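Presented below are the structures under discussion, each in the form of structure tokens.
The two complexes that follow have chain A in common; it is paired with chain B in the first and with chain C in the second.
Up next, the complex of A and B:
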């Protein structure tokens, strides 16, 4: 049976898989609330001076409300790929093929918020989002878009090691990743747990306990180019 | 607990992704989760509503943590590949209730992290100090959003309730008065019951999602703290290396190593009944510091203390944190004066200024609108032109502008048989008419073969120039002769001689007659 995952693979014509993680209910709810608060602040800031201008002010206010309601997300998504709310949670709007969204897609997905809103407070949108593998609401289906987590650039994290004698071993890419992850995250693992993990590899390393740990860290250091 | 049996794709995630994974988990096992929930809670709900329509449902809501234990039971086993049906869960449920049930529905009921914490008390079976220490380790991260998750799920419960009320308002027939807010605040028995059913429905949908999200966040914390993904990666790599070469012998050796190794004892135990925490044990709390994954976190905590000590020393000290609010006054004196001014209910000059601004901007807006409109027209001028030209262009191509001098022919329409008409006119010696006819027909004939840029105002000579430019050979010679004779007749009134006319007629017939002119 397929393992449960919230990440999707997009295959490019060159046969390369690109991993994207669609953003789900929780984070998008909060991002929406964040944007809603900003919109309310903008509208309030417009209302206060316009309240003095009588019918003229009323007219302007209606225009402002219309523009803010419908074009606030469009403008931010087209120019930046994310509204301020989405940005604060590290989300981006992209097309289904992973390309950045442009005016047509953004306008469609935002105009069809009206459908998501039914019957009230985005109930339909929420249900649709929950049932969809790519966490799409109605507007996303129509615009052919999705909201994904922006992958933060990977940083090498510091780890201390002692140089051990070189062992001739070949590792595939997954294994190399695991070893590097082991070394980098050893700060958050207890010494015992580190030894447990290293002992798994003792048939290959012919070492055990603390020796295996330091040997693995040394290998990791050579893999990341430290030694 | 055997990590290899996990039905989840294990990788370290941030808390939001963990909640998303939880939603996927909930949907995968929704049928057993929902049927468990229905069987257990529906009787309670009916009973509660029968006792008191308002407070009954509050009591039902208050007891929610007890039903949620069953959901966690299902999820925690399904995750490790064990199939749990709703029936199994219902059988196991009474046993699950014994453990710390009182705390769950009293002081822990309103805790925002209740879903996350449930895993520690139910699956790890921790109590008292051990529980709170364990909790502090699991929550000690900047990426702890379990409280938010509780709030979000509560929010969606409300959304579902109000959404259903709104749905009713949509299907109420026209003419029936339906007041949204009155429906919510009404105290009629039927309305209250409907409202309670909606509430129950909302819990039915969100309950599994909430617990699954919280459980996924809990698992994710353990993945990060204990390196489950690394363990899986190592084991997978080992399998790849060992299988082709040495096979069984080494794996036996490996198993032996694992058994002998003292530290791996707790991990080698495979107790499917309980997700146990290897490092925690009430009796051995003294060992906590060097056995649990939080050991490193403690070191971080110590270093934080050290850093703070350095920051308090001479070059850095003098920093003070105030947590209470204190009046610091308006920025400056000017501000205070302005404050007073604006207090006095809008001075007249300000009103005037605002009015002026309003009028000014109205004019400005109309100007902008007008300019935009003009600009629009200007930019689309080609389109507009094309739109108007469509109708008049096509006939213009067909029409040939005959020079005015050729209009001397009196007949309105050209005769059907031009050749016989010519003979007739020749016999009648109506040379003027004859030559006019010949001019028109020959020009028409030539213009059929090739475009002649003729205009109405052309004189005979200009016309001849044009013809000579595009026509060569006999036709050109004939036209020269014809026009010459015509000019002599028309302008000098020299009556042409009969042989000339005869030659012209004969020539016309040979040159043009075979391609008969059809007007």
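Up next, the complex of A and C:
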């Protein structure tokens, strides 16, 4: 079956598939830039007071730069599972088996930024990421990690509906699923878009526009057992 | 059972589960049998999928399961105990595993260093092939015993201030780690990068030390490098050995696919790189605060330096377990 998304299925020991969505190049670049800005701010904040401390300050400065360069992502990934940049874009780092990353994995994937960076501007990492099924850069391959979307806990949507007169129609399983999904998503769609979607079924509903929408919702409600 | 009834029936437990797994560190505050609740949830998801319940429901259960799984199978995250375990057992064990690479890296590095050392002893101008004149002059000044005597008073200068010791500590860490890292990452260019950096540094090291001997500053130089050199040079050689492992796994993955071989190489070399990193921190510490001290007599430095070398070599080449001790 051709997939329109890049979700991957992860089988747990309990024999169930969990779906994960690996994060692509664009959003990861944005997260990286965000983190880069934070790192620059940290370094600047360190430079200003340390500049007055002479050579001692310079030494501390170099150590701070070294730590920020290599350990900024590690510290955040180990303690929180995501750097502030990743957090702002809803990403998180996990092992290939979906478990949160710990020190070894995080250190490995971040040390290998040096390899990803080659020849410059993360070219190797970017190419590797685009060619990879799970959007992994070199560091991710070495560390056995991946970056996934951490979806906001989804609310099961309760859609409102008005009972319409019953229409005798039989739908196959997929169609039932689509209709229920339509009703549950309806809150996030504009009225025009809802009608546009509902109009697709107008040949069998014999209804148009708002009428088709409310009829569909009513069907959905009876399908999920609400009415 | 219709979806609505199913949700009504199970909702309560899902909410409790979601509440409990929200923060893995506060799990103990909830009275929940997590493994049981988790299995129940996987069952719910399977039911929901097979009965074609709506995507919103399935995706909610999916998210709950992901969180639950992360809670239930969370890898341990302690730092200090594993740290000690690493120094005492894991690092030497891993070194044993890649011993041929470690031996070859040592032979290549010290072999070539010795050759260039001899070459420079015989033909002193050889050093100018390795580095530009200005750098040679700077180097000579650095180790010139005369530079320690103040021109005005004729007395020995005071020790470097401790604040500049700190500066050098930061500098050494950054410099050495980048060399070690180049040696390692070079492994990804089929190991040629590793070979290049390792041999380049060997030539440099051999030529420089011979040149210092040629100009007659050997006592300031060797008393300076001997102590931290044990950790620093060994760490660099070990990084190169790790780079060699990576390169070899790419060239000859055996029965694994190349990506699987690379992953395995990553697993093997991670402890080596981490260990080398620790050694470099120790080396930078010694270099900044001990080696540079002018108060210590050279005899002390040589003794401590020799002790460090013996310890490091014994540590890096642990005894091979005898046949009957071998754990398969």
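Convention: the second predicted complex is superposed on the first by the 161 of 227 C-alpha atoms of A that agree within 3 Å, B and C clash if a C-alpha of one lies under 4 Å from a C-alpha of the other, contacts with A are read in each partner's own complex, and residues count from 1 in each chain.
The rule is short, and it goes like this: a contact is a pair of C-beta atoms (placed from the backbone, for glycine too) under 8 Å apart; a residue touches a chain by one contact, two chains touch by 3 or more.
Keep in mind it's a predicted model, so treat the numbers as computed, not measured.
Of the two partner chains, both chain B and chain C are touched by A:177. By the touch criterion stated above, A:167 is placed in contact with neither chain B nor chain C. In the overlay built on the shared chain, the residue A:193 is in contact with chain B alone; chain C does not reach it. In the superposed model, A:41 makes contact with neither chain B nor chain C. Shared-chain residue A:51: touches no atom of chain B or chain C.
When both complexes are overlaid on chain A, the residue A:20 reaches chain C alone and has no touch with chain B.
By the document's definition of touching, of the two partners only chain C reaches A:144; chain B does not. Using the contact criterion defined above for the overlaid structures, shared-chain residue A:111 touches chain C, although it does not reach chain B. Comparing the two complexes, residues 53-54, 56, 174, 177, 181, 185 of chain A contact chain B in one case and chain C in the other. Listing the residues of chain A that touch chain B in their complex gives 1, 3-7, 21-27, 29-30, 52-54, 56-57, 89, 119-123, 126, 130-131, 135, 149, 171-172, 174-175, 177-178, 181-182, 185, 187-193, 195-197, 199-204, 208-209.
Of all the residues in chain A, the ones that touch chain C in their complex are 12, 14-16, 18-20, 53-56, 58-63, 65-66, 78, 94-95, 97-100, 102-104, 107-108, 111-112, 114-115, 118, 138, 141-144, 151, 153-157, 173-174, 176-177, 180-181, 184-185, 223-226.
Interface residues of chain B, counted against chain A in their complex, comprise 6-9, 14, 16-17, 19-21, 23-25, 27-28, 145, 148-149, 152, 155-156, 158-160, 162-167, 170, 209, 213, 224-227, 229-231, 233-238, 240-242, 250-251, 253-254, 257-258, 261, 263-264, 267, 279, 290-297, 346, 354, 357-358, 361-362. If you check the complex, the residues on chain C that touch chain A are 1-5, 7, 18, 24, 38-39, 42, 45-46, 52-57, 59-60, 62-63, 65-66, 69-70, 73-77, 79, 82, 161-171, 173-174, 177, 181, 185, 188, 259, 262-263, 266-267, 270, 273-274.
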